[in-house]
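Got a structure for you, questions after.
Think of it as A, B and C in the order they're written, each chain with its own count starting at 1.
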């Protein structure tokens, strides 16, 4: 049985609409960016820079030349990553304006180690070339996002958090903006006393920078047939931030345990452990969502990881400060859309799948793509141009293909797909790919959809540690640590079939790091207020849509 | 009618006590105290019921408290006043009420509203202290308010049920969270907030001497932070039919029944 | 030290919580202890105060003081403090007492520490103990000047009869004009249904372990037998078994009754933060690993459907119902 056998009752057409608000009530902005993550904020910052030198264009764009929407409570509330950031794109974006030292990093990467773990030991292995991090910096993406949002506001962008982009406004074959989500609806969708309807926000160009599993990105890819030949695949990352007594002096990645190498399990991934200054450490477990075992729980694998002697020592009786989860697109080059633009709209960042899987990097591509999108948008708004005609924004695609983003991704294009064949074969492939700088294998490997994987059930859950509240934690207390205080009577934002076989319900129950799903006799129960909007469900048979703006986690250190 | 709403910017998340100052760590991000949203909502309703008037938000806090004020402006308040001064840090009830009272005198509001409590549990019954300094009547725990001809009629909740109290304006009113469902700011409201008047003043601007504010102006202090007292031995028993009796005996021993 | 305790009263009786604070005052060393009773036709309550440790009772008996409004009480207490040299004032928290204590703090420029659960003398200093951050940490607080005002969490102390008598001092009542501006039009009468969850001294709460909405009657019966209120967890409110107004927890109410009995509740942190300040916690749950057993004083691993009805029966018997 595969999750894809029970597709969610999701229809992308429900999220496409012409503007319905009377013209004088529509909110008009010049350029609309959906998502205050690194891609969206880089776009807004670059737009601000370009408009500095183009006062006439700025004038034409109206009272609000640049608006950035985000569904989180504040910029950074929904941002989560490892992260070790390649500063290349930030240097370019802030050339002549800000130095790296002024950015909220936790220091450069000084040393790194890669380990292959067994249940009790850690074998140091040479760092694969694709994973080398010299010149890179450790960051909290949430914190970096907040800093970038300050820069964006200084550059003249208006930030609008707590605002979900629910529908893509489409008329005359072009994207005209977005309709924001309603607020104040009850469990059955009924309007409550303080019901506030969403609004039509119209713009000359809309930039979708929604991150992984971007809602409107999915709708746009579908509507305009932008998808490539290969489906996208994802990994789920669950991470924690800890206060520790002893500083960690290196960046660590691990492979092997607690994942199982055999091809039949399809468990691709590993862990990361990064120092955040002298007194904090962040660690996370990342696992491809093409895994097959219904008992696999990435959250519990992370708890298990912490019991390993190497990790236990690093955490040294410290204190957990934060927890969070998010998916990462892993299809790489082969899963990229065949076009990143359509009339009136541009797609950037993780939403477009711009992630280098072997290097575990996507933030600098997000920033670069956001910046390139800004260039293309402004070029298309010059006198005599209309961004809404087909091809007007093609310059964006062009510039992406000429950029280091494209070159990097192309070189490592088969990496993830190789690991579908298990760790050892995958590792061998990876080695050859790296050595040949992408010329091997000669024919690109196929990507298989996460939801198409046949499910198996083992007794994997038996070895998950019983949470002790000090080193290991249960899901609910972790949801609490994410800052999630979503009101309980919100409508369910997860589109999913409820009457599914127990096996599938159990897959979801284990998969979800926030304990949203529960297998029952008749199928699955959903507690949407727990949801931290990681996006895993969309990869495995459901469809996440944005809940009421402001809901979900309130990340600050992730 | 001029309505002033006293609002507070509180640290986000679950709060952390700074072991150095032993006070709430306010260095991180923050947000509008959710209970103040009820007060702002009530102020907006009262203003709109009279068809005229002004709602002013007043806050004592760090510069970033502007964000909290902006949220209130987005909901529909007309103006915001932030008293921001390093010398005001560490103010207790005595110091805070003195500072706020001076600012409120300057505003000359007909009605001053407070929310029920502070989400950071650091705030207390500020409204009663303010009312005393301004020499006006105060009514707390308001669950329903109507206004007619300069008189407020307030239905308020106590341990014994509901009182109905009348008070003439000018007055101070503290509203409970049962009084209303605060509105969500519309997108237009959020965008419009940025262009509403936001004034920042220092203690000096209000004529407050440094020794009446901050720690100097406070009459209480924090000595130490401790672990909560251990709950004492926790017992766990299996029910073999006699657990209910064991519970009763336990409750009797604790003089709870 | 000269300590004065504000004795609130209702329906012709002094409040138990206030008498508890009086007993606490009596236990403090190096202080004389007086009480203040303010209202209309209240003089007869003075004897009670003596029984619980006050050596002097200041009585302000005046029709202007009939309604339980705070500001006139601030006037009276301020006057007593000035005239009689009181340096420490103790209050048991209530809607009225909180307003009085804060108003008085402003009037006297006196420091006030609230939500205290205890008060001790350490090195000649008066130190208050108070929980903070949803009772996850305790803070030692003090005063930098006199007079000092302390507001205690309701029910922090039990009244202890010492069987003394108190001298009664009738005080003249002179109110500020603004103090009498607010008028009581209709005073509250005892709510019929039993205590609301916020004020209840005893709460019996039900969770998913009850099995179904029909089993909430078990919780209701026990609550009734104990004279307490009914609480619910987020899960059962979500499932529609009980109303949101009874929800205890992160997205519901925070309560700190003297006794919290959790029936079929696992004790997830979202619930815990709403009730961890409770005086005594008793938990009944089928699952021996339920997190609630880690912070309950008495845990019963058993079937709620068996244990709770039996418990109700025994409580009724004991209370002679």
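FYI, contacts are C-beta pairs under 8 Å (C-beta built on N, C-alpha and C of every residue); 3 or more make two chains touch, one makes a residue touch a chain.
Everything quoted here is computed from the prediction, not taken from an experiment.
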item: Chain nearest the overall Cα centroid; value: B
item: Winner on C-beta contact pairs when A-C is weighed against A-B; value: A-B
item: Centroid distance [mean C-alpha coordinates] between chain C and chain B, Å; value: 21
item: Inter-chain centre distance, chain A versus chain C - centres from mean C-alpha coordinates, in Å; value: 48
item: Separation of mean Cα positions, chain B and chain A [Å, integer]; value: 37
item: Touching two or more other chains - residue numbers and ranges from chain C; value: 294
item: Chain B: positions in contact with at least two other chains; value: 14
item: Contacts with 2+ other chains: residues of chain A; value: none
item: Contacting residues of chain C [partner chain B, same complex]; value: 10, 68-71, 74, 94-96, 98-107, 109-115, 127, 131-145, 151, 158, 176, 178-179, 181-191, 199, 202, 226, 258-259, 280-282, 284, 288, 293-303, 306-308, 310-311, 313-315, 318-319
item: Chain B-facing residues of chain A, complex; value: 27, 64, 67, 73-74, 146, 158, 160, 163, 180, 183-184, 192-194, 196, 198-199, 201, 483, 554, 556
item: Interfacial residue positions of chain C with respect to chain A in the complex; value: 234-235, 237-238, 244, 247, 250-251, 268-270, 273, 289, 291, 294
item: Touch list for chain A against partner chain C, complex; value: 466, 469, 474, 476-477, 479-480, 485-489, 527, 529
item: Chain A-facing residues of chain B, complex; value: 12-14, 28-29, 31, 181-188, 190-191, 194
